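Two complexes follow with chain A in common, the first pairing it with chain B and the second with chain C.
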Partner chain A sequence: MHHVVLERWSRRSSALHRADPRAKIAILVVFLVVLATAHRDVALFAAGSAVLLCGASVWARLPLAAVVMRAAVVLPFSLAFAAVCWMAGDAQRGLQLAAKSYLSALAVLLLVSTTALPRLLRGLESLGAPRFLLMVAQFLYRYLFVTSEEAQHMAKAAQSRGATAAGMAKRQARFRAAAGALAVLFARSYGRAGEIHRAMAARGFQGHFETLTPLRFRSIDALIAVTGSLAPVALRLAIERLS
Partner chain B sequence: MQPLIEVCGLHYAYDDGTLALRGVNFRLDPGESVALLGANGSGKTTFVLHLNGLLGGGDDPQPHVAVCGLPLTRANLGLVRRKVGLVFQDSDNQLFMPTVLEDVAFGPLNLGKSPAEAIEVARHALATTGMAEAEERAPYHLSAGEKKRVALAGILAMDPEILVLDEPTTFLDPPGQRSLAELLRNLPQAKIVVTHDTAFARSVCTRAVFFQRGAVVADGRIEEVVERFRWDPYLANSRSER
Partner chain C sequence: MHIPDGYLSTGVWATLDAAAVPAVVVMARQAQRRFDDARVPLLGVMGAFVFAAQMINFPAGLGTSAHLLGGALLAVTLGAPAATVVMTAIIAIQALVFQDGGILVLGPNILNMAVIGVWAGYLPFRLAGSGRWRNLAIFAGGAASVLVSAICALAELKLSGLPDKALGVSSVVFLISAPIEGAITLAVVKALEAIRPGFVRQPEPGRRLNASLLAAGMASIFLAAVGVLYSSPAPDGIEQTGLISGLAARVKVLVSTPFSGYEAAFLSGTWSRKAAAGLAGLAIIYLVCLMIGRLARKRSV
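Presenting the complex of A and B:
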């Protein structure tokens, strides 16, 4: 199952995994702000940021190639906007947009790959993130995988009855099949999500994920937060001063 | 003797108007193990969902259901869920945490136990169900029988007085069914088992309640109920499902 990869990564052991999620969230926020507001020498800053993020991935003992590939999931979207910029005669802005979205995705991926979801949500909660938003996030996370599993089962069932892409080569047939499958997928996922919610409620779930390892902000976490936040700031200042 | 569960004249209709329960009366005493039998759609699962406050809740008290003397109200919901442990038919819907230990500790943490206490009761529950070695494993890597045991451990960790199992033998092979039956027989809690598997029901329960179209139509010794409704699947002249 594809969805377990991130969960597995987040359960590895490294200094970054052990760091308090609040320290990592703070670093992420600083990085995203510094990246989003960078306008001069963006290419150089992007390259430097990529090195920093890849270095952090290696430090966290994550498979670098797989992490880099996974972050590319945002590229189809950002490249579409980049293409619009290019067609409007601003190719450089388009490239910056693509680079910034990719690096943002890489940074977010680094956070979720080094922080188990319950701890991440606890961290966000203790930083004052709206409870309702966190509830939506945790259920989205759970139900997204439910939908994905249901879709995989349906695809296998269709294949076992001889469905092939070639067999549905006609656009109209493909559209009908996809529309029907989507409707069934929604109905099945909705039913299963209800079952899961009941199972959670039956075990006393009241909209708040408790964790076995309570959050403790230690001095090492403060050091990581300060160092990690200063790194992109220092990088940008250095590049802007040199140029 | 105060019954563990007392249900009087329970009616329930789903939002689409389907009348699922029609005046169900039921009583469970301490130490009893009761099988709920009946055709698909006869209301067995709808009934057990009420026992845990998962259906028919709302702000108004549910006057028809009492668990350990507590009427089922929103205020009592937490206490009722602590007393009634519900093991769902599909263990995959129940197991969602990344490791077995975390999943089993999910309930105790929700009940307000400290992480250390939750780990202790989770480990004890895993040992009771024979899954102590699996605490660091991911639930999705377990076999169907192991998942069922972990799901049961997740409920036992909440220290319930009543165990409710919905189709516990689904997905289990014969050795898995045998081993689950043996495990259940050795647990001290009162049990309600929703099942079509009469052999399993006989090995765990002494009493059976038969549901038909949302109503209880028989309540007595399991052999008598099975015989009366010819509910053994492979006996000559057994009734087909309606």
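Presenting the complex of A and C:
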């Protein structure tokens, strides 16, 4: 599954993995803004920043081919949109949209596959994001796969009881069965939340997470942040000057 | 309905990012009042539930299947503010972990689905959720949550100058999926009530909307409307805003001094102006939010 790979990648070790999440977030935002505002010579800039991103993922010791493939999850939507744009007679715009959305996804993927999610959320918190929201996100991520697995088990169990499309003649019956399954899943999730809360309260949870290693913004992080954000800007300037 | 990065013009995403922040902060505050820090697990697990609900398929006719999107269901079970917080967390995790929806466009996506969509799903229930139109209200809430967020997303894409034809195709998809979401929401609510009636909240008629909530909502809408209208005649027009362009000019001078040889390239290219404006805008938004956060924290202590 997607998350397992990301978890594995984000726990590797490289200079980029060790960098402070805030530095990486800053680079990502600068890159995304530069990419989003590019209007002239988009193809050249896209090629250049693709090289930059690939270089960064090699530097982070990530499997390049797998990263490039994984970022392609945005392409089905983007290419469909590009096809419609092409039919509407604006092929170039469609291609630009596809390239921009792909490269943005690649950049985000680079951030999350070099930063474990708890560290990333901690970085966001120290940048001022509301803590309540981040805690909800952290719990969501923690139980995302537990609950998804449960849902898959329920779907499989229903199938093995004969709840296939052909097995249930009436669509209404299938609809009601699916609604019942969701309601059971809802009730179980609700119950699980209660158990989690009691278990955490028993261990002395005060309403916020403590960390073992606080974030420290070292001078190397500042260096990474500055060079990393200057790279796309310099690339853009070079292209602007050459053309 | 998740807009990826690169689709919206700078004016549109920057404005909506700015508008989303106060909306989400107010909602988080409202939700925190009912679900104190110690009950945060419930909201997180319910977010995980919405993710997992995608695994269970509903027959949608013509051999296709659909799945729950969840905004309206969360609104009638947890209440609208908490539902907004959960949906915001879902959208953030989708953007970060699954590359579903962009980062710069988090604001527009959150406004469309977590704020406007959730409230559109909640309002029918709140207005008619206790009378004999209850079933209809729940159905309408589910349908409205999809339809209204789709309309917002399409409007933002249109303002960014995407061709109408591309938008027409998507709007047909949304028109079909809206009643399906309504039907799924209603069916799940009915099943939940059969399991345990306490899960579904009773709407509280007669209670007036909180004044600060109303003010923040109006401010958000106003911000969004002004920004979007301002930037719509010429996409990427946000740098024309006096304050931001002034700052951008200053930023440009600061940045371009070391590259004095490149100054011509800097000044002639509209790109640098736009990027500087975008970054300066983001910096301003960020600082203002940080200041508001500090002030709010001080007051609450």
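As a convention for this text, the second predicted complex is superposed on the first by the 168 of 243 C-alpha atoms of A that agree within 3 Å, B and C clash if a C-alpha of one lies under 4 Å from a C-alpha of the other, contacts with A are read in each partner's own complex, and residues count from 1 in each chain.
Basically, contacts are C-beta pairs under 8 Å (C-beta built on N, C-alpha and C of every residue); 3 or more make two chains touch, one makes a residue touch a chain.
Since we're looking at a predicted model, the values are computed, not measured.
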Chain B versus chain C as contact partner of A:Ala202, first or second or both or neither: first
Let me test your reading of the model: by the given contact rule, A:Thr114 touches which partner, first (chain B), second (chain C), both or neither? neither
Which partner does A:Arg11 reach: the first (chain B), the second (chain C), both, or neither? first
Most chain A residues touched (candidates chain B, chain C): C
Based on the superposed arrangement, let me know which partner A:Thr211 touches: chain B (first), chain C (second), both, or neither? first
Mind working out whether A:Arg192 is in touch with chain B, chain C, both or neither, as first, second, both or neither? both
Please work out whether A:Ser57 is in contact with chain B alone, chain C alone, both, or neither, and reply first, second, both or neither. neither
Counting only touches as set out at the top, which of chain B and chain C does A:Ser101 meet: first, second, both, neither? second
For A:Ser49, using the defined touch cut-off, is the partner it touches chain B, chain C, both, or neither? Pick first, second, both or neither. neither
Can you list the residues of chain A that touch chain B in one structure and chain C in the other? 142, 192, 196, 200-201, 205-206
Residues of chain C defined as touching chain A within the complex: 4-7, 10, 13, 24-25, 28, 31-32, 36-49, 51-53, 55-59, 61, 63, 68, 77, 85-86, 88-90, 92-93, 95-100, 102-104, 162-166, 169, 183-184, 187-188, 190-192, 194-196, 199, 236, 259, 262, 265-266, 269-272, 274-275, 278-279, 282, 286, 289-290, 293
Touching chain B in the complex: which residues of chain A? 1, 4, 7-8, 10-11, 116, 118, 142, 192, 195-196, 198-206, 210-214
In the complex, go through chain B and note every residue touching chain A. 49, 52, 54, 78, 81-82, 85-86, 88, 90, 93-94, 96-99, 101-102, 105-107, 109-111, 115, 118-119, 138, 140, 154-155, 158
Quick one: in the complex, what on chain A touches chain C? 2-3, 6, 28-30, 32-40, 70-71, 73-74, 77-78, 81, 84-85, 87-90, 93, 96-97, 99-101, 103-105, 108-109, 111-112, 117, 120, 128, 130, 132-133, 135-144, 146-148, 150-152, 154-155, 165, 171, 174-176, 178-187, 189-190, 192-194, 196-197, 200-201, 205-208, 233, 236-237, 240-241
